[in-house]
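What follows is a short report on a single structure.
Letters A, B, C and D mark the chains in the order given here, with residues in each chain numbered from 1 onward.
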């Protein structure tokens, strides 16, 4: 056996024990980088939620009326609901590819805490879905005659809110990864949990339009995010262990 | 090796293990005692619960009866040390098709807490006969070659306990011989292998068989 | 006639013949566009109503024409590929889509910008702009679908079917959007109904349109040749080509 | 010439931002597609050349080193 670094040649088998130092941060960044490379290699898939967001926004003026006054009144809510649905769209594939090719199994079998590795995957999902949606929203706000002054708040509230949406949605994705037709079920599980984020997100933009204080809404969005950051990874890890057995 | 090392014999025990799958017993009162220097082959017809047993022993599956011990400690307490010493290769090779073999191994090195050593990755791929294919997306490799990328982990991240689920699938004749030799060497150097395979392993001192056929150990029905 | 079609279908023959045709179209495109631009920007008279913002017509109309005709030619290539199994047709269709999307975006952007002085906003749900926006989504759909398959052959067939379905829907979308627009007819001036233009206004426009079309042909020839290199990489004649190239 | 001075030409009678924005985006996209097409072609030729070199290297190594090999590479791994 051409031992590459000693342990296998001659010496009795050594039992490594204890947490290899620095393992967690290295594992976290490696998982994050791996997922980033994976998603960027299929750039068209990163575009799909954005095009979906644009199309859904286009449907409303056609469906309702192109009258700018009417559109301006409903713009904040429309933008938030459409962004929320677009983020939901790409959640299904969060763990499915890893489940199919066996790397999810390996993720479960590392000594590193699964919750934080799952957090790395969710972070990549937010970076390539939530953030682009937030940056694109002002552009679509123009098409809905969104009143001036609320564009920045729209982007900030969406960026903040979509992080919680990714975390909460990932729990649903982890629960349904083993099921073959998990897509629809995923949205049924997760949409009710999205409602608080939607209320304060759309509320923030509405407040910006009316000129009232925006900080209260954004603060609550931040609190929701903090809560999700602490609890969601644990729930994701537990759900992955459950659904790995199919 | 940056870890705390102490040479001691490995021991994975299971006491009256039982597992029920869609209301039929896969196996019952199954006692196992797997030690250093052994190659334990789990045999049995399709659907006799071989993979399920491996999943239970590797801690992936929770709904079973009976107790597991690692290093003479209950598995619940010794879980982290167990995972640090385990190398599990499942049915699916765990190789991402969009990544190159090198990138796949980089990730495996990282989650195994190994130093980021490029040379080790190239050596591991050379060792399993993938020289020249290191930077090709794994999706363009054959099934056998993708399996070899997974097998490269045996060299890349040396771990005492190997749990291998059908490692010979899609491997050509040369590969099978080399892998068999590698299992024997691993056992001889104090490691321990638990493997399921339909391939007839050449008998050797280290080899031991466990037969699953429904209804518990070695009753063969 | 039949032999000619199949001869045209052989990538090797096409690779050679297109190399000779291509420069002519590049030169024609360059001359026509430069002459048309200078004439349209500097010499053509300004519109008595819209003033100089009218000069945007010299990019807006050619891009809009090209956007529509590229989709049609993509659909025609799709038919040729599906019916006569001529791979070159599919390569051309694959290569046309991105340029079509780019031209649609140009038409969309220039149309919206042109409307700013008259409507005061960057976007107006005007009939032609809305149809153009939907055409852009059709293009993005075809491009995304072609990119989604791992096996190239099913990708080509799927994209061809979608192109054919799309081209049938373009007139339907156009008329329904026009009807929708007249239903919500805001009382503002629309740029769709233009008074007949004097000769010195539409002549540069004609030159620009011809310039854009020859640009389209030249670029399609060039990118189809690249697509041949990508798809026929394991053919001997391509290997020799690569061998002597470096 | 519809404009008296070059300066008027650029001012476009007050519509400068709109006209030049529209024409700028058009020029950018036209040039962009051309540059992309040329880069794509160069990259494909380079990729092709690398593949030809790799195949010939593997073929010579396979023929030279281990006679029992398939031509597609994959040397014996006498671990």
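The rule is short, and it goes like this: a residue touches a chain if its C-beta (ideal position, glycine included) is under 8 Å from a C-beta of that chain, and two chains touch if they have at least 3 such contacts.
The model shown is predicted, which means the values in this text are computed figures rather than measured ones.
Following the contact convention of this document, no chain is adjacent to both subunit B and subunit D. Distance between Cα centroids is largest for the pairing of subunit D with B.
Each of A-C and C-D has its own count of C-beta contacts, and the greater count is at C-D. Work out the mean CA point of subunit A and of subunit C, and you get 36 Å between them.
Distance from the subunit B centre to the subunit C centre is 56 Å, each centre being the mean of its Cα atoms. Averaged Cα coordinates give subunit C a centre that lies 21 Å from the centre of subunit D. Averaged C-alpha coordinates give centres for subunit A and subunit B that are 33 Å from one another.
Looking at subunit A, one finds that residues 1-2, 42 touch two or more other chains. Residues of subunit D in contact with two or more other chains: 79. Counting only residues that touch two or more partner chains, subunit B has 127, 155, 182, 185.
Those residues of subunit A that touch subunit B in the shared complex are 1-23, 26-27, 29-31, 34, 37-38, 41-42, 97, 100-103, 105-112, 117, 241, 244-245. Put simply, subunit C touches subunit A in their complex at residues 121-125, 130, 133-134, 137, 140, 143-144, 147-148, 177, 180-181, 184, 186.
Across the complex, subunit A meets subunit C through its residues 42, 44-45, 47-48, 51, 54-55, 58, 61-62, 65-68, 142-143, 145. Taken together, the subunit D residues at the contact with subunit C in this complex read 1-3, 9, 12-15, 18-19, 21-23, 25-26, 29-30, 32-34, 37-38, 40-41, 44-46, 48-49, 51-52.
By the touch criterion given at the top, residues 33, 37, 41-46, 51-53, 55-56, 59-60, 63, 98-99, 102-103, 105-106, 109-110, 113-114, 116-117, 215, 219, 222-223, 225-226, 229-230, 233, 238-239, 241-243, 245-246 of subunit C touch subunit D in their complex.
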